[in-house]
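Shared between the two complexes below is subunit A, which has subunit B as its partner in the first and subunit C in the second.
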Partner chain A sequence: MLNITEKILARASGKKEVSPGDVVFVNVDKVMVHDVSGPGVLAVFEKLRKKGMVIDKVWNPDKVWVAEDHFVPAADKISAQNIVLLTNFTKQFGIKKHFKYGMGQYGICHTLSHEEAMVLPGEVYVGGDSHTNTTGALGAFAAGLGHTDVAYVLLNGKIWFKVPETLFFKINGKLPDHVMAKDLILKIIGDIGTDGAAYKTMQFGGTGVSEMSVESRLTLTNMTTEAGAKSGIVEPDQKIRDYLAARGVTRYDEVHGDADAQYEKIYEYEGSEMEPIVAKPFSPENTVVARDLSSVELDKAYIGSCTGAKLEDLQAAAKILKGRTVKIRTEILPAAMSIFRKAMDEGLLKIFMDAGVVVGPPTCGACCGAHMGVLAKDEICISTTNRNFPGRMGHVESQTYLASPLVAAASAVTGKITDPRDLK
Partner chain B sequence: MQPFTKIKSLATPLDKVNVDTDQIVPKQFLKLIQRTGFGQYLFYDWRYEQGGIARKDFVLNDPAYKNSRILLARDNFGCGSSREHAVWALDDYGFKVIISTSFADIFYNNCFKNGILPIRVPDDILEKLFSTKSEIEVDLQTQSIKADGISIPFQIEPHWKKILLEGLDDIAMTLQHEDQIVKYERSHKV
Partner chain C sequence: MKGSVIKYERDNIDTDVILPGPYLKIHDYAELATHAMEGLDKDFHKRVKPGDFIVAGKNFGCGSSREHAPIALSYSGIKAVLALSFARIFYRNAVDGAFLLPIEIDESAYKDISDSDSLEVNISANEIKNLTKNKVYKMKPFPELIGKIIEAGGLFNYKP
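After this line comes the complex of A and B, so read on.
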């Protein structure tokens, strides 16, 4: 009667079974920090050292990995210094998996987690970032932690969790061609609200999900954070096995829920009835169908982030932008170098440049308002990212509309929010 | 960290829902690497106009709440980025208790790691607290909030209560007490 999340947590805590509400100490398989949480964790280490604690090793350097994503390319002197800090940290503790900006593969941490198969089915994965949930699409328990908790994991290799209740989202039937996983997850968040899954796991299944690519599933789990979820998860299947095999990984210990697994609640959606959805400022739950916003004039389109700049996101944008030109400033930032390269090999970069788009390096960039094209006061942006809180992408009085790459690209062409079906 | 005892003060009413951690500490301050001193950046964009002039209409700038140690918030407080800087800023500013109808998960956990008590109360209780003009007393031992002469009980996970009461916020101490915490949790299961 256990679902996949309960089974993973039971296995990781050495128990036969666990129930929602139980507090369990689990062994962690992988832990990640980036250039914001890494320095934060080091500040916690510093506090402990001042109290006399000796910190000269992490529990297992082979299970720790590091990404440089929020403030690369170094946005200013302090962020440059933080990269130096991260480099010293990985050197000191013998951490080999450090994806460095300017040295081959690097990118947004959540994208690397699947592109580089850093996390595998059945594992417990924690990271110093709220969108760590993303990686649950591979069939792992993946959750974000604060700096003190990450510091604890780095030293001890375990952490406690309260076993979450699971909400099951059953998607029947395939999404239409003009609809992406982003539309579906925005629709769900609009329905349940930004705290609709607070402290809970959101699990996705049904034929709509098994038909979906791995990258699409990652969009679903990525955005579970915006519904307040502790984690998001999809049961691993042949598509996951193929995806990992293409990355050279075939050995792992999959976990599946029991046939009679229990869920707190089951929601059903008809995939074929889905429409392009946009979340208006200033909340991801503020959703309407894209066509209702066709009079909204835009200043900018942003196609980037762990949510909306995976290879298929870029392919979707290219499908729209091919042979067209953009009417507003448009930026496309592939989420990792491996994706950037594939986009080049497939000729997508040429399509983007011919359309007048600027293509930038992988980075969290303007998604979190860090740099690389942040918004001015009163500017209005359509974005494939995951948050549109006040000031998220720049000035506190700028506005962000969240959308799929198809909608963002179509809107870039017309300068207004546009359903891809309405593009001439 | 000091063990958590009773806290008594006026409660600062922050009448906004879905306050995300970027409102609590804006992104431009995330690059700072020391753990202390974040209080000056708390609610920065709401507290200050451009040029660092205090906004008179923002509640933190109301002299009446200068020594407040309790923050009243609304639904889904602390959503968004997992940045622990948000809790460090609240702590550094002087808030030791946050009362709301709901909190975002990572933020909620981060509070306990830094000696802050987040309390969840039902809507009607929160409204009552928002309307009170006198001091509020929060007693963790008895799990009660005293306001306007009445006592309101609140729930808290047993292991979090123990951590705060004994000041076990610190990683090294938490590790020493791991077995006890599990045992305690088992014997006090709600």
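After this line comes the complex of A and C, so read on.
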């Protein structure tokens, strides 16, 4: 009667079974740091060294991997120095999987986690970033942690978790063509609120999810963070096996929930009833149907981030932008180099550039308001990213509307928030 | 613990306003403190004194996993945040890094405590005294493991 999350946590803590509320120390299979959390972890190491602790190795360098994503290309001297710190760290500790900016494959950590099959079904995966939840779409327990906790994992290979309650979201039937997984997860967050899944797991299933591509499932789990969830998860199926096999991985130990698995609550959604949804400033729960916002005039459209710049996100944008031109400043940043290359091979980049869009390198920069195109005071942006808190993408008095790549691209064409069905 | 209250009467105070994104590249704790709460309250840094408490609504610290958020508050002098509830990563960062105490209070205490009130927090008795209003509130006791980690002085000092 255990669900997939309980079974993974039981296995990782050496117990036969666990129940929601139990506090367990679990063995970690994979851990990730990036150019923000990595230097943060190193600061924790320094603090510990000052107290006399000797830190000259990590528990298992083969289970650690590193991304450069938030401040690449280096935004300034401090960011450049952080990349140097990260490079020295991976060299010193013998960590081989370091995806470096400017050296082949690199990109946003959560995108690499699936593009590079860094995490496998049944594993416990933690990362120094709140959207670590994303990778749960592969059938792993994936949760974000802070610097101290990641430092602890790096030295001990384990960490404590309270076994979460699971909310099950059952999606019946396919989404219509003009609706994307982004619309569905915005709708769900609007319904349950930004703390609606606090400390809990959000599991997605039903025919709507089994019909969904792996990339779409990753959009669902990615934004579970915005509902306060500890993790998001989908049971692995043939699509996951095929996705991993295409990346050269066939050996792993899948975990599935029991037939009589228990959930705290089951929510049902009819796929065919879904509509394009937009979250207004300043919260991802502030959702309305896109058509209600058709009078909102925009300054910028942004198609990027771990949430909204996977290959199918770019394909969706290209479907809209083909043969059209943008009316407002528009940027498209594929989430990883491998996706950038596929977009080139498929001719998507030409479509974007013909439309007048700037195509840029993978980075978290604009999504977190750090660099690479931040918003001015009073500027209004439609974005395929995941957060729209005050100041998230720039000036504290700028505004971000969260939307699917289809809605963002349609809005780029008209300069106003636009349901893709209403595009002439 | 004694100190005075800086109250933000709102829910969902997120890590983007506690410590805005552009400062994520900074890992100097004292410098981070100068940017604490910048997205919500530009005067926070001038106003905060060592030992102060923040009082806020539900889901405090939602958003990113940045440990910069509890670090910036801690190095500003904040000893505890008293809120209706906390987002999970902020909560465990505060406890595991021993930066500050995330204390859950109930609706009546939240309503009753005013900005600038003087409080005395006693975690072993799960009690908060409002010295200004001469009242006593109950705080939600820490779960067992959390209590042990706090007592040890952070996760690295805790022996499972």
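One rule holds in what follows: the second predicted complex is superposed on the first by the 424 of 424 C-alpha atoms of A that agree within 3 Å, B and C clash if a C-alpha of one lies under 4 Å from a C-alpha of the other, contacts with A are read in each partner's own complex, and residues count from 1 in each chain.
Rule of thumb we're sticking to: contacts are C-beta pairs under 8 Å (C-beta built on N, C-alpha and C of every residue); 3 or more make two chains touch, one makes a residue touch a chain.
Note that the structure is predicted; figures quoted are calculated from it, not measured.
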Superposition on subunit A - do subunit B and subunit C clash or fit: clash
First, second, both or neither for A:V36, with subunit B first and subunit C second: both
Contacts of A:Y199 with subunit B and subunit C, given as first, second, both or neither: both
First (subunit B), second (subunit C), both or neither touched by A:N82: both
Subunit B versus subunit C as contact partner of A:K350, first or second or both or neither: neither
Common interface residues of subunit A - those touching subunit B in one complex and subunit C in the other: 23, 25, 36-37, 39-40, 42-44, 48, 53, 70-71, 76, 78-79, 82, 128-130, 132, 144-149, 151-152, 160, 162, 194-195, 198-199, 228, 230, 283, 368-370, 387, 389-392, 396
Subunit A - residues contacting subunit B, complex: 21, 23, 25, 36-37, 39-40, 42-44, 46-48, 51, 53, 70-71, 76, 78-79, 81-82, 85, 128-130, 132, 144-149, 151-152, 155-156, 160, 162, 194-195, 198-199, 228-230, 283, 368-370, 387, 389-392, 396
Subunit C-touching residues of subunit A, taken from the complex the two chains share: 23, 25, 36-37, 39-40, 42-44, 48, 53, 70-71, 75-76, 78-79, 82, 128-130, 132, 144-149, 151-152, 160, 162, 194-195, 198-199, 228, 230, 283, 368-371, 387, 389-392, 396
Touch list for subunit C against partner subunit A, complex: 12, 14, 16-17, 20-22, 24-27, 29, 39-40, 58-59, 62-68, 70, 85, 87-89, 92-93, 96-97, 143-145, 154-156, 160
Interfacial residue positions of subunit B with respect to subunit A in the complex: 18, 20, 22-23, 26-27, 30-35, 45, 75-76, 79-85, 87, 102-107, 109-110, 113-114, 157, 159, 169-172, 174-175, 178, 181-182, 185, 190
